[in-house]
Amino acid sequence: MKHFINTDEVEDLVALANEGLVLKKQGVGKKPGEGKVLTCLYLNPSLRTRLSTEIAARKLGMECINLAADSAWKLETRSGIVMDGDAAEHLKEQAEVLGRYSDIIAIRAFPLLKDAQEDYHDDFITRFAKYCDIPLVSLESGSLHPLQGLADLMTIQETKKVARPKIVLTWAPHPRQLPQSVANSFSRTIQQAGFDLTIACPEGMELSEEYTGQATLVHDQEEAFEGADYIYAKNWSSFHDYGRTIQRPDWTVTQEKMSRTNQGRFMHCLPVRRNVVVSDDVLDSEASLVGQQAENRIYAAQAVLKNLLSQ
Amino acid sequence: MKHFINTDEVEDLVALANEGLVLKKQGVGKKPGEGKVLTCLYLNPSLRTRLSTEIAARKLGMECINLAADSAWKLETRSGIVMDGDAAEHLKEQAEVLGRYSDIIAIRAFPLLKDAQEDYHDDFITRFAKYCDIPLVSLESGSLHPLQGLADLMTIQETKKVARPKIVLTWAPHPRQLPQSVANSFSRTIQQAGFDLTIACPEGMELSEEYTGQATLVHDQEEAFEGADYIYAKNWSSFHDYGRTIQRPDWTVTQEKMSRTNQGRFMHCLPVRRNVVVSDDVLDSEASLVGQQAENRIYAAQAVLKNLLSQ
Amino acid sequence: MKHFINTDEVEDLVALANEGLVLKKQGVGKKPGEGKVLTCLYLNPSLRTRLSTEIAARKLGMECINLAADSAWKLETRSGIVMDGDAAEHLKEQAEVLGRYSDIIAIRAFPLLKDAQEDYHDDFITRFAKYCDIPLVSLESGSLHPLQGLADLMTIQETKKVARPKIVLTWAPHPRQLPQSVANSFSRTIQQAGFDLTIACPEGMELSEEYTGQATLVHDQEEAFEGADYIYAKNWSSFHDYGRTIQRPDWTVTQEKMSRTNQGRFMHCLPVRRNVVVSDDVLDSEASLVGQQAENRIYAAQAVLKNLLSQ
């Protein structure tokens, strides 16, 4: 692969996930990243992503430099503009310079949730890639969170008891307006790996057709939970009425709903709002995989970085 | 030792201090921290602590990651709450994830100085430890600053001219409300190492009995200074009228007061307010050990980290 | 050399530039910085400087610690003051402690542009050096930006087609009040290396005589561009009417003006305001060297650090 902005460009995603699991067990061996630089550009806040990426890079022997966007000065992204306002630097120069300074660049740039076209096909990472000639890694783009998707796939690979588990992605309540990125990447990644997926959400909250793919769509959450091996909970704002949020407290994942599953495991990407997205008893139970998912972020990032370094 | 939250759990504190001094002289040798991660969580500002801890860790071969609290999002610490407000993540998840990402976690969490019980026995570090199964290091807790205490002990070990020097901890003025942590740790550490201690403070500013221990309590500062080999100055707010501050400019450490000592050395943990805590002439004199104390923070941290890594 | 605060103290600047170019080609070889600490103190924002310096240090094997000024607490710089206000620490203690923690300290401290004497001869770095006994590196001082000057010299060494190219430093428009530092360092460095320099600026915007040196001064920009091999554009505020700014949109560097040169290359230190300092077509043309200049910052810093480490 050239970049890692979405998982579509990964020829064999399962092999990449397995590579992550091997790295987890055997460590990095001789350090392929010695003398190489990863620069991480955070346009949005991050905890797990920042830590897991930095730890992954450093254990590979790479230097890792974290930059908060606008930490130095405001960036101009429009073309042909007379820069006599607030912005002191243009994206073009910043991308070129970071490209010259780094061997790989990783970028987190959340969607604005106002214009689906811009968020999905012309977001910050896409524009950055135009002026920068080295591998880019998405740390969450306008439409996807592929490292999360890869870590989630690794977690299912590690824990599944049957070859074809029933995997359910369920919409859950949240007080804020959130992107569809994590849900899109989970849906895409799981299906790309050859699993079946059921997506449960209130009417109007369906994901884009592009990322729904062949998933079975259900609007009755309890029906979806029947016999499930994995319940992946996540809130997202509407794609079809782009950015709209709804309040549906009846969609919180509870122990009672979990009892309909086949001793299903609970998954969430974190951070999670307790007793809004999911009840304390589910999150604190043995069924919860959230810590393991978070830990796998390190090895997902290592697998990706190692792969990019070996190009 | 399992954690390093207070020095009580250190079986032989002097041996640990001596180990720090050996590290200072001989360096770390082969790196025991290779491939290990120290995550430092700063809920409060830090200069010496951040730098000395990071340098200590890196020279041991560890990766060191610094996190400012709330740099990603607000943290919920209460149990059983419906998280529909500002806080996006619960302490439980953050502690579990940082535990999975790290080999050692270090935390700075100042007391709020409103409730002694909470600050002394149920502070942030105590609650964090409940959900995290790896060694923790206090970078200053609600009641203690044990790395400072260890560095101070190392400084006395390095400079003492007699086996049992007269050591005086004196309260000093300060415009702000400060914790008792540094004073508590100095008192505890010095006595734990077998030295006698005299504590001088205005009436009402006595430390807790728990941390006063066997120290000789004096309310007349000049009497305390007579024949002293070490004067350790520090402001703290009241323990017994919890958090109350007083203004006593007559308690500033001056050259004239120092002349009563036995060519006593001056100590302070820094940062220090010149001509409030201590006069320029004392701080700029040969008697001052403040730079050496600060330098010893590196080797105190190294001794502690090395010890925790070898468990 | 002892410090690197200005290039005057460098005995053979060209040799140092060449050393940078050798580092660029051959890498650092065995790491001379192993176990050494570079602490970078940023009193002002930085992107290229922070990244290039950190990358340079780490590739040399050094640890690099970045500190934002006032990130811990406000610093007092005046002498003899009673510190009962906002500032919690004095420059004296901070300089001594950072000196004990580090092997080299690098400082960025922009001028205030109110008092030329203070900015040019008694700035933060000068005062810091009084209390700190290890090598200092300027990451831009009150009057100079010597690492930029060195990188610019390296860029000319790499690209020049004749032994004595015509080099022009031209004032250019900018909406903000900027220091003279980059211009001063370019003028000084180029002349120190034995090149001739032409400086073009509106009347009243001449650099100090100290840094103008033997340069040919021209007030007609187009005349200056005639036959030039290099056009270095930069805005600066007035030295002689200290800190005054002027608006002269007719001084923007355009393609039409560049056509008067001898296929001249365009240089700028970045960040650059497009269509204010220079037009898009010049910046996006093959003539532009701005990316190469930025890249050379890494190797300029490496050459300087390596030299300081070998003292």
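For reference, chains read A, B and C in written order, and residue numbers begin at 1 within each chain.
Keep this in mind: contacts are C-beta pairs under 8 Å (C-beta built on N, C-alpha and C of every residue); 3 or more make two chains touch, one makes a residue touch a chain.
Please read all numbers here as calculations on a predicted model, not as lab measurements.
If the chains shown are joined wherever they touch, the resulting network links each chain directly to all the rest. These two copies of the sequence, chain A and chain C, are related by a rotation of 120 degrees on CA atoms, to the nearest 5. Inter-chain spacing, taken between the CA centroids of chain A and chain B, is 40 Å. Multi-chain contact residues, meaning those touching two or more other chains, do not occur anywhere in chain B. For chain B in complex with chain A, the touching residues are 35, 37, 39, 63, 65, 67, 71-73, 76, 80-85, 88-90, 92-94, 96-98, 100-101. Only residues 27, 45-48, 50-52, 54-55, 58-59, 175, 270-276, 280, 284, 290-291, 294-295, 298 of chain C touch chain A when the two sit together in their complex.
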